[in-house]
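One structure is given below, represented as structure tokens, and several questions about it will come after.
Read from first to last, the chains carry the letters A, B and C; within each, the first residue is number 1.
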Amino acid sequence: MLQSVVQVILAGLSTGMFIWLVASGLTLIFGVLGVLNFAHGSFYMLGAYFCFTVLKYMGANFWLGLILGPLCVCVIGFIVERFFLRYVYHIALPYQLLLTFAFVLIFDNLVKIVWGAGSISPPALAALGGSVDVLGRKFPIYNILIIVVGPLVALALWGMIEKTWWGRIIRASSSDREMASAIGVRVPALFTSVFVFGTWLGALGGGLAVPYVGIMTSGMGETIIIEAFIVAVIGGLGSLKGAFVGALVIGVLTAFGTRFFPTFDMFLTFILMAGILLWRPQGLFGVAR
Amino acid sequence: MKLKSWQMALVVLSLLALVGVGLFSGRFMIYLAMRVMILAIFALGYNLLLGQTGLLSFGHGAFYAAGAYGLGFFGLHLSSHPLLGLLAAVVLAAVLALIIGFFCVRHTEIYFAMLTLAFGMMVFSLLWSAREVTGGDDGLVGIMRDPVSFFGLLEIPIGKDRQYYFLVLAVFVLSAWAVQRIRLSPLGLALSGIRENANRAEFAGLSVKNYRLAVFVISGAFAGLAGGLETLLESNARPFMAHWGHSAEPILVSLLGGLQTFAGPLAGSVIFIAMREMVQRFTENWMLWFGIVLLVIIMGFRGGVVGVFQRLIGQAGGGR
Amino acid sequence: MGDLILQIRKLTNFFGMVCTAKELDLDIEAGVLTSIIGPNGAGKSTLINLITGNLPVQSGSILFKGREISRLPIHQRVRLGICRSFQIVNIFPELTVLENLLIPTLALSGRTRRFFAKIEGEDRARDQVKNLLEKVGLAGVKDTPANVLSHGDQRLLEVGVALAVEPSLLFLDEPTAGMNPVERVKVLENIRQLSREGQTTFVLVEHDMDIVFSLSERVVVLHRGDILGDGTPEEIKNNVQVREVYLGDSV
């Protein structure tokens, strides 16, 4: 019993870390730009596909793919923000959401065109393939790596936002946009940089997912964006701490759900989301707006 | 608001065209026209919520599904009378909308959108998981189109698509008329007031929450009606109807046509279905093209097709 | 002495550590045109927000015509007869002037629940709105969308929308801010006239001392959430304490 519980928790933690990587970018972008980005799941997906391509055609080095892949996606993120999203900040919410939704349709379809409509099985990564014994059961080293990377990213983000000049500007602009621009922050440039950085986080999650997910499909972004939405909402829209905690909760809960109530795990997640929204609309760690 | 003569002419011409399709068109055209009308009922009702009241719901697929499954269960277990089935669909959808809406209308903007998304997906996951009752991912199948009988005195068969078409047409015309009446009623005006300025609406003596709930239920009922009609058309009900991807359809359609007009969702439905058919005939890449069209509309033509059309009329008619 | 239309007892409000109402006791008499003045941050807006329901009451009680209202939602207070206008124009921007006034008028008689009637058929409401349009002087622009009106006209509409619910107690938050002199005179004359007719008791929040002293029958001075002075304009003008902290050299 204990063995399986530990196994489930470990599996849940690694799933949670992927959701966290996507949710962190989503949350950062919402916190600063005020836009809920449906296309963020597509950045995750694109990160995975670009990483896979680098892996396949450029010397089969996963780590090289993990660096180059997300960078390519950043270029796409830049285009999306600079030439489209920037022009809808001032208009009504439905248009903003639907603009990012349009990009979901476009990216999903482009992936089908470029990489084919079927699913892709990434090559086995022998170098990453080992496993360790956890209470007598095997647990892949790569999953341990993911469980370590997640908190590292969280720590780095926290340090960046609390300690650096860029972070201070981000904090200032997310609490009061007009004030920030009054004291000389170039808000448009800041928005672009935050969006591109958020994109990178999502794409990094996608890259890291390549050896983990087993199969890649053009729909992989849609599943995770809904999970990331739930996480962002549960944690409190705009709160990174909330997104981290929320991702762990959802990750572990989903793992338990899949293990013990396989039919109703999805239902439980949404009940949790709705419950938290009703009880504390600002989320666990959000501030009331 | 009195209809201008050209608007009147447009209405009459459209009706004639729809009757003409039913009488003379081929099977495929009839099928497409029914899909357009069902989508339009969904979108017209939905737009009372989005265009009129300014609330963005990502969960109306749940009410569509409630109508579909409601009609399905009713037909399989109680009575296969199509009109009673449709009534059951509407009632079930409205009740579900009342329950979900009760929780959702306290919030607005993004929180409202997320809550409706969560509730909608809850319904989806229930339909998907409760295999013994709902048929799981296969959905409910084998729903028949029995004749419409009036107390045994008169029976109108709707088994053939061409026959069923006229039932859909009748329901569509009634729905469109009803929605327009609501839009132009005192309630409709109160709803636009709530959209424009909820705080002022409170100070005008309106209980904003109750009005939001009311329009949520009304739009949910129309979604249920559309869902019921589709189930009769396709003879099945599928869990995907409750998925958020389907909930997004009336939003996209309204946007395509123009959010704050009556004709917007109608034009949007025609364009949506027609465009999908055409694009899918030539390429596999329907999503790509639709995404691009959406981009263009949001970036440059937020009035939608109807908005652009009105602007052209306005220029021709007075150069404003 | 008229009847007490509003009785406020021990009303207290904090924003964090900042106290904006300190065990406030205040009575408003029916038919007496009252002004509330005070320096910025004195708690005037908070007081109105608490009475009309924009802010939840933390402690204390508010009786309107003898009925406790401090827990009622905004719209119910409006139904009972309390309304307000806002300092910042707060109307339905994309609707026409006519529609702006129709909404409260229809809401008052419960006719906004009618979802299948035609708005053209609402004759009684239309007549009421017509009177109102004449009253506030916007009859000429009744089909203009509110957001393209001049600022002064928008302020008139603001007052008109508040009047449309036929309140027995109406708070006007700086009703003449941003108006030109002509409009200002018109609005003030309206207020004076309506106050005399006696259906509505007006409470003004104003900065302009000329208006306050020429129009009001009673002036209440707020300072840091407390009542510093209360009396006729003459009494307030001669109140030493008030002159000290507030009026200073301006009188």
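Keep this in mind: a residue touches a chain if its C-beta (ideal position, glycine included) is under 8 Å from a C-beta of that chain, and two chains touch if they have at least 3 such contacts.
Because the structure is predicted, anything quoted here is derived from the model rather than measured.
Q: Considering only which chains touch which, how would you classify the arrangement: line, ring, star, complete or other?
A: line
Q: Which chain's mean C-alpha position is the greatest distance from subunit A's?
A: Farthest from subunit A by mean C-alpha position: C.
Q: Using mean C-alpha positions as chain centres, tell me how far subunit A is from subunit B in Å, no decimals.
A: Spacing between the chain centres: roughly 33 Å.
Q: Just give me the whole-number Å value for how far the CA centre of subunit A lies from that of subunit C.
A: That pair's centroid distance is 50 Å.
Q: Averaged over CA atoms, how far is the centre of subunit B from the centre of subunit C? Could you give it in whole Å?
A: Centre separation, subunit B to subunit C: 43 Å.
Q: Considering subunit B alone, which of its residues make contact with at least two other chains?
A: none
Q: Report the residues of subunit B in contact with subunit C in the complex, numbered from low to high.
A: 178, 181-182, 184-190, 192-193, 196-197, 199-208, 211, 214, 218
Q: Spell out the residues on subunit A that touch subunit B in their complex, using ranges where they run on.
A: 36, 84, 87-88, 91-95, 97-99, 101-106, 108-110, 112-113, 117, 222, 226, 229-230, 233, 237, 263-264, 266-267, 270-271, 273-274, 277-278, 281
Q: Subunit A touches which residues of subunit B in the complex?
A: That would be residues 50, 54, 56, 103, 107, 109-111, 113-115, 117-119, 121-122, 125-126, 128-131, 244-245, 248, 251-252, 255, 259, 284-288, 290-292, 294-295, 298-299, 302 of subunit B.
Q: Within their complex, state which residues of subunit C touch subunit B.
A: 52-54, 73-76, 78-79, 83-84, 90-95, 99, 102-104, 106-108, 111-119, 122, 125, 161-162, 164-165
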